[in-house]
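In the two complexes below, chain A is the common chain; its partner is chain B in one and chain C in the other.
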Partner chain A sequence: MNIPERTLLRRLFMPYDLTSMAPATKVLVYTLLVLWLLVVLFPLYWLFITSFKLPIQVNDGPDFIPFIDFEPSLHAWHYIFFELGNDTFRPYLNSVIVAFCATVACVLVGSFAAYALVRIQYRVKVGNVLAFLVLLGLTVFTVTSLGAPLFAAAPVAIILFVFFVAAVGRYFRRALGNDDILFWIISNRILPPVVVVLPVYLMFQRLGLLDTHIALIATYTAINLPIVVWLMRDFFAGIPLDLEESAQIDGASRLRIFFTIVLPLARPGLAATSLLILILAWNEYLLALFISTADAQTMPMLVAAQNATRGPQWWYMSVLIVIMIAPIVLTAALLQRHIARGLLIGAIKG
Partner chain B sequence: MAFLEARDRRDRAAEWVDRNAGKVFILPAVLTLLAFSLFPLLVSAYLTLTKLKFAAGGFTLRFVEWLNFKKLIFGSQQYHLLGTFDVFSIGEWLILGAIFALLLYVFVRYLTRPGVTVVGVIGRSVAYVVAGALTILLVLTLGGGFPGSLVVTLFYVFAGVSVQFGLALGLAVLCAQNIYGRNLFRVVFFLPIMVTPVGIAYMFRMLADTHKGPFADIWTWLGLADFSWAADPWTARIVVLIGDTWQWTPFMFIVLLAAIENQPRDQLEAARIDGAGGWQIFRDITWPAIAPVAATIVLIRLIEAFKIIDLPNVLTSGGPGIATESLTLHAFVAWRTQDLGGSAAVGYMLLFVATVTCLSFFNFAGKRTRRTEL
Partner chain C sequence: MRVRMIDVQKSFGQNEVVKNLSLDIADGELLVLLGESGCGKTTALRMVAGLETVSGGTIEIGDHDVTNVLPKYRNVAMVFQSYALYPHMTVAKNIGYPLKLRGTPAAELDAAVRAAAEKVHLEDLLHRYPRQLSGGQRQRVALARAMVRTPSVFLMDEPLSNLDAKLRIAMRVELKRLQSELGVTTIYVTHDQVEAMTLAHRVAVMDEGVLQQVAPPKEIYDDPANLFVARFIGAPAMNIVSGAVEDGRFTVRDGAVPLAGAAPSGSLYLGFRPEDAVLAPVEEAMLRARIYSTEMTGNETIVTCLLNEEQVVVRADKDFEASMDTAVGINLDPAKARLFDSESGNRVRR
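Moving on to the complex of A and B:
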């Protein structure tokens, strides 16, 4: 066997052993990774230092390093926290309430459905679904174009539906199973929010709930539900059945099993899913644009409204964006490991 | 006694819940989705056929049949949705002919294969007709005309998702190597997803400022200090795309990285011992292992990318003109000008294109990855 001569060039491009990289490859890998690290961090760094700049420092051109290029000042922070005061805190509080409640509601309702789809066999008759759709369409038609009041049309439709199911339902053979229900739930995510937002707007207007927390929480719960069902289903599927069966033999009810055995076991999944929903609800823009105008205004609205007539005031904007990012980054830092795993499981089985 | 009765009633209630657990568990989700997607979808369908009229003390909806769609596709709003058309040049005829021949060939090949189903034929017909129509539209507007919000949205979706997938895959492969500080990279790379899109839009406006931004000196050096990217359609679109890429690459990255780390170790080691090169290992082991995850993550991004609004709205307010307007922004603009029916019609166009694209991709990629899995 002739051992290749270890020239300098060869040493640069050949790995020493099977598990390590050649030095040249290593340099290349680190260069590329650090490059992307800069791409990610530099905008955030710029945002952060801009929040400590005076207007004149921003307008004079780029200054990069605090204390050397420019003297940092807290004036923008002071303005946002003290002079604007309530105008900052109210949207902030709105955002916290809406995002938190929507996340809890969404994860809870979604987990219920996801668990049911894993453990309970459903058979929904196709005929009944069709009947429901026809009646729903008729209700919408009578209410919108014939002017029938909703409180009269809806009960009539529901009663007709119940009669239909009781009388004719049993003659249908074809039924939809769990996979079809799951597909329907997930396919709701394809629906662009802009298609549904007009009727939702009109609905909340009729109910007198426009510009309230409840409206935003309910909407965010609904639009994020498909994600929760999809992700949580795989976590529940991974929980061993015998634990639940032994609890059932001991006489525990389904609800009790769900809350005391299933949910605690799915904690990593819950953490990942909750974080994802929290990010989505916290940053949501389009629906808030329609549904909240003043009282329930959320942070993305406030940030977007900073495009003042005097030209964008970068220093104030930077402060707002920094205080918007901070809580999410802190939460995510705690849950970072879970989220990768959570998303992976969803993606593999989906 | 009253105490016992109450307890008895509670027991019975619990028993009822337990017997009907199936319904109790799934009904909240189903009802929420019915109220917030199916019901609005039907109302929206009705709205597309109406025109909003303000009357004394409120408003009325006048039924106008297909007028809203007609206006968008053939009428006064055509420039907004589809764009301004250009006459075909010979080269464009050739491109068009080639693409149509390809579509026809693929369709005929499917028809002559065993296992043709009715649903398959209908689905494919719809997908190919839409693909053909969009090709005509792209050629008509991108050559010499001016693209409308539909073409711009397609640009955001396809250019954005491809760039993001390429970057994310590259970074994931690099990050999966045996290197120090892997966790640091992973944590930092994940950051952008947490920044609100509105904030990202402002951040990139700040960074792209040719006078006050951090790259001002580079712009001056390049002699581009007075160049305004916001005034040129393509640079404005590309800045929107950069913001979108910055935000969404991490999402794909983190999932692809997890998938790569989950690939079969023993095969990897065997290949290394046999002296396989990096590219060979990636092509024959890593890629087949992560293909299903890759397909799913691309599908998720496709679904979400069609909804883009925050970035163009804040970065460029849709401008210059309508150059960066996405379909969702278009619908929002229509809503703001009290054109309720037009807004709903734009929404429905978006729904149609998004559904056809996502389902086509789902069927296409689903089969391919299942085959590679074997």
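Moving on to the complex of A and C:
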């Protein structure tokens, strides 16, 4: 046998077993991790101390250590909470209402869709889809160019479509399956949001809903649905069908199965997805810029507004960002313990 | 309740899984559906449960035609191979779930859960979660959940196959006792012939979606309806020897067996059980063979012989010893030998 000698170099670079790191690798990995930690945490630290600085101290140059480099002051906090007062609290409340409502609505609706895509096999005939699009085009044409009233044209188109599906539909062979539907849903998110900003604005203008919570909630629900469907589908697919069949035999309806068996078992997925959607809705800027002007203005608007004619007012921005981070950190801490694995242990097999 | 399957068929696309299955199961009977995996037995069971739609035929439970009735209205209880326990509920919640869905008052529910748990000796584990239980305990939770209400039929899909050998035998005994005490009609699916023989009032043997024979265990063993059943039941299985019947004697190259009574003539198969044959000196024997291998199992010796290049198994005394390739004679009880048609494989009666 030819067992190589354990030299110092080998000791440093060869792991003892498959589940541990070699000493040298360990040093390297932890060095990189600590460096990255600094990169991530430093902006937060900067933000925090800047919120306690006077404008002169911010412009004065790089001071980082409170009480030594500079004397902390509550002036920015005072301005945001007392001088701005309601102008801070209103956007804050708006953000909370909009983000949390949109998250709940989005996760609920998206979960329904994801569950359906996992459990029900759809076969949507391509011919029927084309027929629908043609009839839709014709309806738009007759209403806009020929002046036909919508309340007459739309029902006629719907009836024609139903007849078409009943009479011709079964002769089509090509059909779209669940994967195609999922791709279609995700593809909605591929589009850059800026493309849809104007149509969305016009739509809410027509409905008279500009600058309302409802408009923002509806928009955020819609744009984040693809993400929920995409993520939740995998979580639902991991739940054994046996459990649902068993519940069905025990006498549960489909909705009952969904709410008492499927959702509780997908809790880790629900928590992770909700958190992601909450963050996306909480930080959204572009659409809010168009849809909300005053009453429904959200926090990202307010933060951006601090960069006004007098130049960027870092101290006010810092205070706003610190209080803006707080609810998300809190929610993440609350949801964190639900994002645990191993919930399905004991469901099947011995 | 009486369960009737009348000419039931099931196909998945082009693939016919169950072909014209007709079974009449009496009230309180324990019928075992036995067959290899993929023979359609589980599909047949799932059709009775309502988890699978029926392609043709009728299913009746009691006096009701349930062919197109949803599972929750059939009042059947099912034990899954995987147990299908709800992992996010305690044992008590699991057992009580079917009653909770029926809106049973809390006090009544608790009493029923306790009673069901006592029947399977789980009363001390009611507050545990499935993940904290052993395989055998999980199995008993699944049983208790099925027994907590009074179903018209118990459906069991290989309920013991995930247990280790010792526990399986113990649970088999328990199951037989419980079924007899409760007197509920039971359909039990298994691929394990010992389970089938020991549990069943009647065994239904299936192969490739076709019902081969329905009969009490003893009759299945002694009077197999065709070659498939003969080869499937018994360990070691029935010996099948090909030959021809001439002048009331079944003749092979190396010997002949006299057949009592009016025997048909032509090319046939002769079947006999390993225990219905004895080894004898070559010169006095009906059939001449040579020893291929011997296996001492403790209480007996399984002797595999070569007769006409076909393997034939004979049970011999545990002290039997012989070296390989020695010539040996086989005598058998002609009254216990069975004849099968060489083309259809069906039993030929004498």
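Following the convention adopted for this analysis, the second predicted complex is superposed on the first by the 278 of 350 C-alpha atoms of A that agree within 3 Å, B and C clash if a C-alpha of one lies under 4 Å from a C-alpha of the other, contacts with A are read in each partner's own complex, and residues count from 1 in each chain.
Convention: a contact is a pair of C-beta atoms (placed from the backbone, for glycine too) under 8 Å apart; a residue touches a chain by one contact, two chains touch by 3 or more.
Model, not experiment: these values are computed from the prediction.
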item	value
Which of chain B and chain C A:Ala113 touches, first, second, both or neither	first
Chain B versus chain C as contact partner of A:Val58, first or second or both or neither	first
Contacts of A:Pro240 with chain B and chain C, given as first, second, both or neither	second
Comparison of chain B and chain C by chain A residues contacted	B
First, second, both or neither for A:His75, with chain B first and chain C second	neither
Chain B versus chain C as contact partner of A:Arg90, first or second or both or neither	neither
Chain B versus chain C as contact partner of A:Ser253, first or second or both or neither	both
Touching both chain B and chain C, residues of chain A	253, 343-344, 346-348, 350
Complex interface listing, chain B residues touching chain A	14, 17-18, 21-22, 24-26, 28-30, 32-33, 35-44, 46-47, 61, 63, 167, 170-171, 174-175, 177-179, 185-199, 202-207, 211-217, 246, 250-251, 254-255, 257-259, 262, 269, 272-273, 292-293, 296-297, 300, 303, 306-307, 309-310, 313-314, 327-328, 331-332, 335, 340, 343-344, 346-348, 350-351, 354-355, 358
Residues of chain A touching chain B in the complex	18-21, 26, 29-30, 32-33, 36-37, 39-44, 46-47, 50, 58-62, 64, 109-110, 112-113, 115-117, 120, 122, 136-137, 140-141, 144-145, 181, 185, 188-200, 202-203, 218-219, 221-223, 225-226, 229, 253-255, 258, 279, 282-283, 285-286, 289-290, 299-300, 303-304, 306-307, 312, 314, 317-318, 320-321, 324-325, 328-329, 332-333, 336, 339-341, 343-344, 346-348, 350
Residues of chain C that touch chain A when the two form their complex	49-51, 71-72, 74, 76-78, 80, 82-88, 97-98, 101-102, 129-136, 138-139, 145, 162-163
Residue ranges of chain A touching chain C (in the complex, touch as defined)	240, 242-243, 245-253, 256, 261, 264-265, 267, 342-350
